[in-house]
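Below, chain A partners chain B and then partners chain C, in two separate complexes.
The block that comes next holds the complex of A and B.
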């Protein structure tokens, strides 16, 4: 029992490491596909003085062979040194650390909204056939079709301008104030994902409801609540978890639009600026952070799955 | 005082169709009653109704009362009490019926903890005790395991334990042994018989197998199309059925009879065998090391026009053997020689596969899965004529019409998609598809197991007739000894990947050499009156 479990975890962790390595290659070398010389950009259109150009190129290690640059970069990351930003003239880690918390908090809050509201809506839809089900589905489909920036504008119009409940701008100070400030952005960010998760929850629950073990549970005299909680929802969690893993990890990328709309200084904004300015060190760092988050979240999901469904470790999930 | 279960003039309609029509049925305390019918007869609806489980939006009339409580009109709380205290149900497939993500112990104790007021430890102790009483060893370990770690037979015992823990007065059994092997079935049937006698429960036993009903129940109701066509003492219905339909059912029920086995065709001494299998084996590598042996050391010969039955329980390697013969699997060792097609031990190339398919065809168990749902049946058969017979479009269509007519599919059904046909019709189409290649060997892999007994009888008859006409050799793989012995002159008995006994069917049935073969024959359900007279004989001095 213990040996397959250890092998399972080890295999997943190995896959994680390989994926990250492959991602780092892609992230680093994709920069050579982009036209433009980062050193030239620093001179901001001033007449290219060959000496200073060479100086900057050397200073940022841009003259070394690509492979050597890659190893320096990866080695640096592993020691916490992400290189220097060309445009901010600061260490990348400092630039990043200043903004990462805002984005992470935004994403975390959005994730909470997605999980709670998505699950609730999905469960409600799956349990009520007929009108309620159809109403929830239509509402969700409509909500899912709203682009995040439109949702942002609408939410601001209603809740900050109209009702004045929430602020429309900035990220506030720490603690509750931060949550208060991030509520509308998180809702706008998560809205379409709530729809996706609710649909997955609904269909996964519906699928389980038709299973014979649910009928058996009912026939044994379990109340409806017990049947739904113990035998329907519990069994439906697998696909729900998988989809939420992908969704939540993807939030990091799509947060850029929302950060702009609500004037938050997070890594989404930073990413767009840095691409504009050909600030590769920052771009690479952000992409690496996003990829890592994505892969780590999904690995966590994979590791939790066997706890939800014991058949997965045994490799007989097809039964 | 009404009976324990009293169903009076119960009708149930769904979407304008009448599924049950005026059913009247009763089960008394301590009585065991069989409800026999084929798929679609409504027998499942009746058992569900006894627990107040009805399909959504169904129209119901009449009464279904358990201990005086009419489930058609009872409130939610009364129904819950009925299910908790008075009646329990055992379902067909314990793999589907027990939640796969929860432990066996959780399944057993969830009812005890919830309303019998026990704490978890007490409930577990009771569950363990019940499991042990049902003959499961290491019960303390079992309760911590998940369903996929148990065999089907063990799991069905768990399901029965779960039903008995509530100390029901009425036990509803919905085909509780259909998903199990025949030797396992014998154990479960004995268990149910004991439990019923011990507790004096009333039992309603639903089955499509008349023989099984006769081995367990004193009275029987025969159900057809939602109506009870006949009821009475089992012996009466079995030996002297009054209604035409009951008589057909009894006749269609296969029995083991050494005298009924077909004779082997007369062959010249030096005839080449059609199929020669030599030391055939198949091993599968497991993820994470280790191998599973599905088949080893299989050696046999099958002459042209011969018939060979392969019997065994699940996991005996009989299907692997069938798949190896048609080249769907690649052998790990040994050879298969099909006359004219050469060896098929290696992975086949397309041309080789086509040549082999011309000689060897297979019909699978489930015609719902083995026919392409998008292709009209006439075209499905015509396609085979075009592929193997190199016939033109028009000619192939004509050939398909003729062949389908021969297996009993009328010309006007040719344009139908498989879903518009019944199970038996689909299996006929699958058979026609196989025959369209004009094979010399037809492999039937449990080809009648998914069918109702009366349909099975028709399909078997058809196969027999076609075999005689076309001079086909047949390899019939089945778990059902009775079916195989009726069809085949030679028999292979398989167990855990090995052939444990082989020889003429009549000889094996009359005088089995191997212990396993003996237990296989002995597990076949025997009518109560036969076992009773046997017991009486042995009890007499």
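The block that comes next holds the complex of A and C.
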């Protein structure tokens, strides 16, 4: 029992390491796709005088072979040295750490909305037949087709310009004010994902309801609530969890658009600003952070799966 | 004696009528109308989309400007029609490119199987860990603003969606009797794959690509919305929404509403169509 479990975890971690290594290669060597002098590429939009060219060459080790540059970069990242930002004249890690809390709070709040509203809508749709189910499904299809930036505009139009309930700009002063400021952004960010999660929950619940053990539980006279909670929902959690992982990872990317729309200074906004200001060291670092978060979250989901459904262990992953 | 009965396929147009549900027909008609309006924009649009009329800013819908004007007095209907050209053409290019590439790579992986297939599968998995919008943003950071770099980047980012599907379909198809029969009869593998297997895969892959179109359209519009895609004054739905934010905060919602509505309706129509297709295929056409 213990050996396959260890092998399962080890295999997942190995895949994670290989994926991260390959991703770092892709992110680092993407710069080499740009034709021409790399020093001039890194200094775009600034006056390339001899001193700055020499400085950038030294900083990025451009006179060294490509592989050595790569190892220096990866080694630096692992030790917390992420390079230096040209536009902020600060260490990239410092700039990033200052912006990280806003993004994490936004993503966390959106994740709460997604889990609560998505699960509730999905369960409600699966328990109702006919008109109510149909109505929820149509609403979900419509909500699922609204891209986050359109949702942002619509929410601002209704709830801050129209009703004046929520602010449309900035992230507030922490505490409740922060949550008040982040409510609209988090809803805009989560809306289409709520629809996805609700639909997966609905179909997964429906699938379980048709199974024999649920019929047995019902025929033994267990209450409907207990049947749904303990026999249907618990078994339906597998696909729900998988989708949730993918969604939460996707939130980090969409959050860039939302942070821009609501003027929040998180790492997504920083990414857009750095692309604008041609600050490639920051862009590279943020892309790497987002990809890492994406891959790590997905690996965590894979690792939690067997706890929910012990049938999934080493070798039997592909049920 | 037993009597054999055949059910003949319905003849003519009626067959197409039963092919799609009424809802899917509406979606298809809507998409066709939108594409037509965008294609014929230079002929049909009532105004020059970039014509600034500062005496007539933020006008409501009326006889002269059917949908009203934006903060610079530009005709919204004309901008919407012209904007449809970039907003629809760019995702179409991405979907065509990623479908072709994905089919090719997926067939190579699924047909060869073995270690080559496994390695290709790993590469697809790796590509999955790069969200498309992020790849597009990285491409802009490398090659500058505009749509060319994001289109190429998103083509690559969407390849695994098609390739993974094709791989599993091709592996299953390879084991089917008709393929064995062609092989026994001495037909060459490339011919069998391209002329007999690919047509069987196309409906399923087409359904996936249709759904992809909606995602790509939303992502590219978002890219223009954050100012990294289509650059002003070129009209594009995402860029139009970005330009209208000032007016929106001032209480004028219409300039942002029309392009937002266009994006949402097109994505809904594409999703309805894509889901219908995949249900039909799963439901018995094969």
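Here is the rule we go by: the second predicted complex is superposed on the first by the 287 of 319 C-alpha atoms of A that agree within 3 Å, B and C clash if a C-alpha of one lies under 4 Å from a C-alpha of the other, contacts with A are read in each partner's own complex, and residues count from 1 in each chain.
The definition used in the following text is that contacts are C-beta pairs under 8 Å (C-beta built on N, C-alpha and C of every residue); 3 or more make two chains touch, one makes a residue touch a chain.
Quick caveat: nothing in here was measured; it's all calculated off a predicted structure.
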Contacts of A:273 with chain B and chain C, given as first, second, both or neither: neither
Chain B versus chain C as contact partner of A:295, first or second or both or neither: second
Comparison of chain B and chain C by chain A residues contacted: C
Chain B versus chain C as contact partner of A:19, first or second or both or neither: second
Which superposed partner A:260 touches (first chain B, second chain C, both, neither): second
Which of chain B and chain C A:52 touches, first, second, both or neither: neither
Partner chain(s) touched by A:153 [first = chain B, second = chain C, both, neither]: second
Partner chain in contact with A:215 - chain B first, chain C second, else both or neither: first
Chain A partner contacts - residues on chain B that touch it in the complex: 48, 51, 53, 56, 80-85, 88-89, 91, 93, 95-102, 110-111, 114-115, 146, 148-149, 159, 162-163, 166, 287-288
List of chain A residues in touch with chain B within their complex: 4, 7, 129, 211-213, 215-223, 226, 230-231, 234-235, 308-311, 314-316, 319
Interfacial residue positions of chain A with respect to chain C in the complex: 19, 22-23, 26-27, 30-31, 33-34, 141-142, 144-150, 153-154, 156-157, 161, 168, 249-250, 253-254, 256-257, 260-261, 271-272, 274-276, 278, 280, 283, 287, 290-291, 294-295, 298
Footprint of chain A on chain C - complex, ascending: 125-126, 129-131, 133-134, 137-138, 140-143, 214, 218-219, 221-222, 225-228, 238, 241, 245, 248-249, 251, 253, 256-257, 260, 263-264, 267-268, 271-272
